[in-house]
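First subunit A sits with subunit B, and in the next complex the same chain sits with subunit C.
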Partner chain A sequence: MSNFSLSSRSSGDIAVMMPKGYINDIAAECLEQENEQFLGHGMKKLVVNFSDVKFINTIGLSVFLGMMQKTLENNSILCFTNMKKDHQAIFEIAGLIKHVKVFKDEKDAFIYLDGRP
Partner chain B sequence: MPFSSLKNGEFIGRQDELSALYKRVLMAEWGQAQSVVLFGHRGIGKSELLKQLFGHLFWKQDRVAPFSYTVNPALLSVAAFSKTYLIGFLCQRLAFLKKEQALLYQDGISIDGLSLLIEESEAGWAKEILDQYIQCAGDPLDSLRIALAAPHRSSLSTGMPVAVLLDDFHWIKGLRIDGVPDARLASLFQEAITHKKTPHIISGNAPELQEMPVVSGLERILVPPLGPEGASARASALLSAYEATGTVPPLLLRHLGGNPFYLGCVVAKACSKSNPDEKDFWNAYIQEIMEGQLVLSWSTVLKGFFPDLGMRRVALAIAYKIHHTAEPLSCQRIAKSFALTDDRAHDVAYNLYLAGIIRGELGVFRAEEDRVLRDVIDCLYLREVLTKSTHELTEYFLAALVPQKGHVARYDMALPMVKEAELIAAQGLEQIGKNLNLNPETIGQLQIAVIEACINAIEYSRGRGDNIYVSVIVDEDQLEVSVESAGPEFIIRETGEPFRDQEAAKGPGRGWGIKLMKRFVDEIEFEKTALGTKIVLIKKIEKSTGRKKESAISHE
Partner chain C sequence: MKDKKLHLKRLMFSIASLVDLGQEATSSKDLMSKMKAALFVITGTLSVPTAALFVYQPKRHELDLVVAKGHRDIDAEAIRLGATAIQVKQFRMNDPHTFRDLSANSFFEQNKTVLTNLQARIFLPLFAKGTFVGAITLGKKIGGAPYRQGEKDVLRVIAHQMAITLHNAHLFLELSKKATENRRLYRNMQRIYNDTIQAFAAAIDAKDGYTKDHSYRVASYSVAIAKELGWKKKDIEGIYVAGLLHDIGKIIIDTGLIRKGEKLTAGEINEIRKHPEISYDILSKVKFPWKDIDNFVRHHHERMDGKGYPDALMSRELSEGVKILSLADAFDAMTTDRPYRHKLGLDRTFQEFIECCGTQFDEKITGTFFNLLLRELSGEVMELQILPLLNNGDEGYLADGGTVART
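Right, the complex of A and B next:
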């Protein structure tokens, strides 16, 4: 049984991805593929909800880096929500936090994204 | 230096021995004093006892002149020994005559300088001895005889008996003429030590003295270990001298076996803190047996008897076996265990016996009853022969020696190098945290660090071993997780940064693991071990509630 699962949904022009469990290299690639699919469908507002994420390792973190770069190349906006303090610290250590918008929850992210083209 | 360097009040627990020796020596006044040999383990205080005796004789009476001489292994040519012995005696004798302490420190004076000194002192007897020595200077044996007989001759001339206090006397067997050691030269002391107006108090390495014919007929006085009260009082005096408070734990005090040298080393190390507590004393002891004066002293002895590195390793292994075997071992059994010839096994065992590391009795060898020595042997063997790391040694001795607290627990896991094995360690840690009611945030941070440590271990040991080994040690105030694997070292110790693959290190995400571990734990250590590499992660928790003092994140 896998220690990771991913669910996603879209609401208008906003896509929400909800990873669950342990984000390692395989999980992060899965997330990256999902992200690319949304980008491929023209979605430019992306949200990753971390509420069910238990652990992120640094190999998984490096895949996030690629995901962020593609989002930036597409002139899209990537938002992270519901991050635990420690998860946020992990992204800070990697210097990745500056490339994303971090919100307390999806509601705050939606308010921010609704005002964007 | 003939006088003790101890301050007043620091020489504790030996008053009875000092008093008995003092009275014995004063019997020389009536021509009834006999020479004796002081016996006792290394560090037990024989040399200090001689120094204290010299001080008493020099300052507290004027009936018996004291002469103190410590045999120097660097001055064993008969010519050099005779000269220093004679000059030392004449200077000290004149110093006693004039009660002039400065004359005690004229060891380096020339023969001409000494002649002038003697003339100024109007000591005709001394002039006669020196003149005779000068006349015989070309004959080393005659020079030696004159030097050794000088105390007795002065006694005959002046009527003043002389107490000759000889330390490190075992070196005498190395006396040499023309560079060739000749143990028979020591027999020239035979006559001098029989005179009852010049009693010789001889000390040195007990096993070697025991094997020297010249002293084998002398009465032996055992210098025993300090008793519990004496050891405790000596410890208190040492702590006062360091202006430190605290008490040496009774268990440690017993472990030190009443040996003043051991006690002095441990207290000195512990007093690097002004108020050492129980843990500090135990840590000081472990540091001493691993890298302090205490282990250095025994290492020097071992090197002296086994200058060849290969033989020293064999000797260590044999000493380790003897110290961990209940029954005495014969040379044949030692030879069989270590694939040596009987002769070689005997040579090694006999030298270990002479070094004072084991006891030799009726053809068999057994451990010395010295727990500190056993710890030193363990330490040297584990480090030098089994190449255990400092961390492993510390853990070993902490577990073996320090009284375990009720809350200490240890969990060991062997994880196969399969996908997501690191989660087993992380989830195990979570359960340990729940069982011990530890702060989930503390555990969460430690889990992140442990996952990274495991990933590193798996990544760098691939193809070198089947498992990685995770140990969790829960102490009253900290959690320690070690992750050991067969991989090569992957960090530069000084910087804590990865170095193994410079190109890969430049790639995205490389080096984050170390930073992340450092961020989420209070201490991190990287060690080279016998297996490969070990990462040790330490996270502080509060004693009373098991909750962490402060979030690592809140420091940022």
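Right, the complex of A and C next:
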């Protein structure tokens, strides 16, 4: 059984995805699919809230990598919020942190995104 | 100092990636899930959004796409890479190849369109124990950064691990195929074996029109008792076969003697009484997969009081299987017509068994059998095992008359 679940919501033109648990299995691929669905519906401001994420490994990185690639291709903005130090560290080591905007919390991300076209 | 720290972090990250890959490769997931997870580990480790894994089909000299990452609406079935033996020989084992590395190999020119469609930048041929088993294609890294030397080193280790995983999966599939084929052959052999035994039983019973299906009924009654006693499946099969073959020795007894309607002379009785030993002599030479078949048939005319034949054994010397077979044989003899008498009715049969219980028949086996028969008669049992065999006569099983059974 997977220790991963995903919930999401949209607020205006901003989509928020809240993964929960361990992002270390291909079950987390649904996060990538959810991201694509939002992009498909024309939403170009995407937020991932990490507050309930317990662990990320290279499979998880691959999922986020797919999300980053799609947002780049769609000229969209991907924001990460509520990241713990170890979450941020793994993205930094993999050299991926430069492809996303990182904020302390959703509120900061929304302030940034509200000012964007 | 900062560079050293970054280098150390990258090294730790690479080790963590290889641990992730090892966990996926050795997981209990099915091969496809395993391969997909492994491809995710690779893409996550190298920050490559697109990758594909191929498995080599040596008979077709083709690489079949099995799993891809980052390719939208891909038709995996249609994507193949041709790879002749000569082209494969030119690959460096488990070493990442750039397109420049491949330029001298006709493999690149032949598969250029597919490789371009897959946005491949790196081709990683997978070899296990010197055998080409598959390949991985990797696209460009996110942001277009070049592949670092350290990353190529990690790819070599990954290639070894992936190749072994594919190789093992292939071996497992081959073994599974062979196991399935062996099971099929075993079932066929079992069917032939059973058919042969049934044919023997039919041949035995054909000696005498009166004993038609006798062996089958004795086998079936024996099974009913063995089941009631909680015998194991394998042992129940054994008693069934013993039932079918218990009279095989009669095959070489004079047919006229077996069919004789009048009273037998002492010499004739002695001749007929040879059949359990003859049965034993025939069956003891057969290596049955069930135990004690020869012992069961040899002693199926022994009695609990030691007055049976051929060895006049006492109850304590007789196995449960012998006691079952003896009762089943006598019961069928009593409840079917014979040349020398009509079949007995059930009430008379009951009476015979009550009288002979403890002397001719074992008490426990007799109790078990008649208890089951009574439950069948009273409708307590849904799956009837005895009554259908009794009801095959045109007069029904309650008809009575005649003399004591000769089995």
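Convention: the second predicted complex is superposed on the first by the 113 of 117 C-alpha atoms of A that agree within 3 Å, B and C clash if a C-alpha of one lies under 4 Å from a C-alpha of the other, contacts with A are read in each partner's own complex, and residues count from 1 in each chain.
The working rule: contacts are C-beta pairs under 8 Å (C-beta built on N, C-alpha and C of every residue); 3 or more make two chains touch, one makes a residue touch a chain.
Predicted, not measured: the structure shown is a model, and the values here were computed from it.
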Subunit B and subunit C placed together on subunit A: clash or fit? clash
Once the shared chain is lined up, is A:Lys98 touching subunit B (first), subunit C (second), both, or neither of them? second
**Asked** When the two structures are overlaid on chain A, which partner does A:Asn3 contact: first (subunit B), second (subunit C), both, or neither?
**Response** first
The chain contacting more residues of subunit A, comparing subunit B with subunit C, is C
Message = Applying the document's definition of touch, where does A:Met83 land relative to subunit B and subunit C: first, second, both, or neither?
response = neither
- Query: If you stack the two complexes on chain A, which partner ends up touching A:Ser62: first (subunit B), second (subunit C), both, or neither?
  - Reply: both
>> For A:Met18 in the superposed arrangement: first (subunit B), second (subunit C), both or neither?
In response: neither
Check: subunit A residues flagged as touching subunit B and also subunit C 24, 57-59, 61-62, 65-66, 90, 93-94
Listed in rising order, the residues of subunit B that touch subunit A in the complex are 420, 422-423, 426, 441, 444-445, 447-448, 451-452, 455, 507-509, 512-513, 515-516, 519-520, 551, 553, 556
Listed in rising order, subunit A residues that touch subunit C in their complex are 24-26, 29, 57-63, 65-66, 68-69, 72, 90, 93-96, 98-99
Touching subunit B in the complex, subunit A uses residues 3, 22, 24, 55, 57-59, 61-62, 65-66, 84-86, 89-90, 93-94
Touching subunit A in the complex, subunit C uses residues 9-10, 12-13, 16-17, 20-21, 24, 33, 36-37, 40-41, 43-45, 47-50, 69-70, 142-143, 145
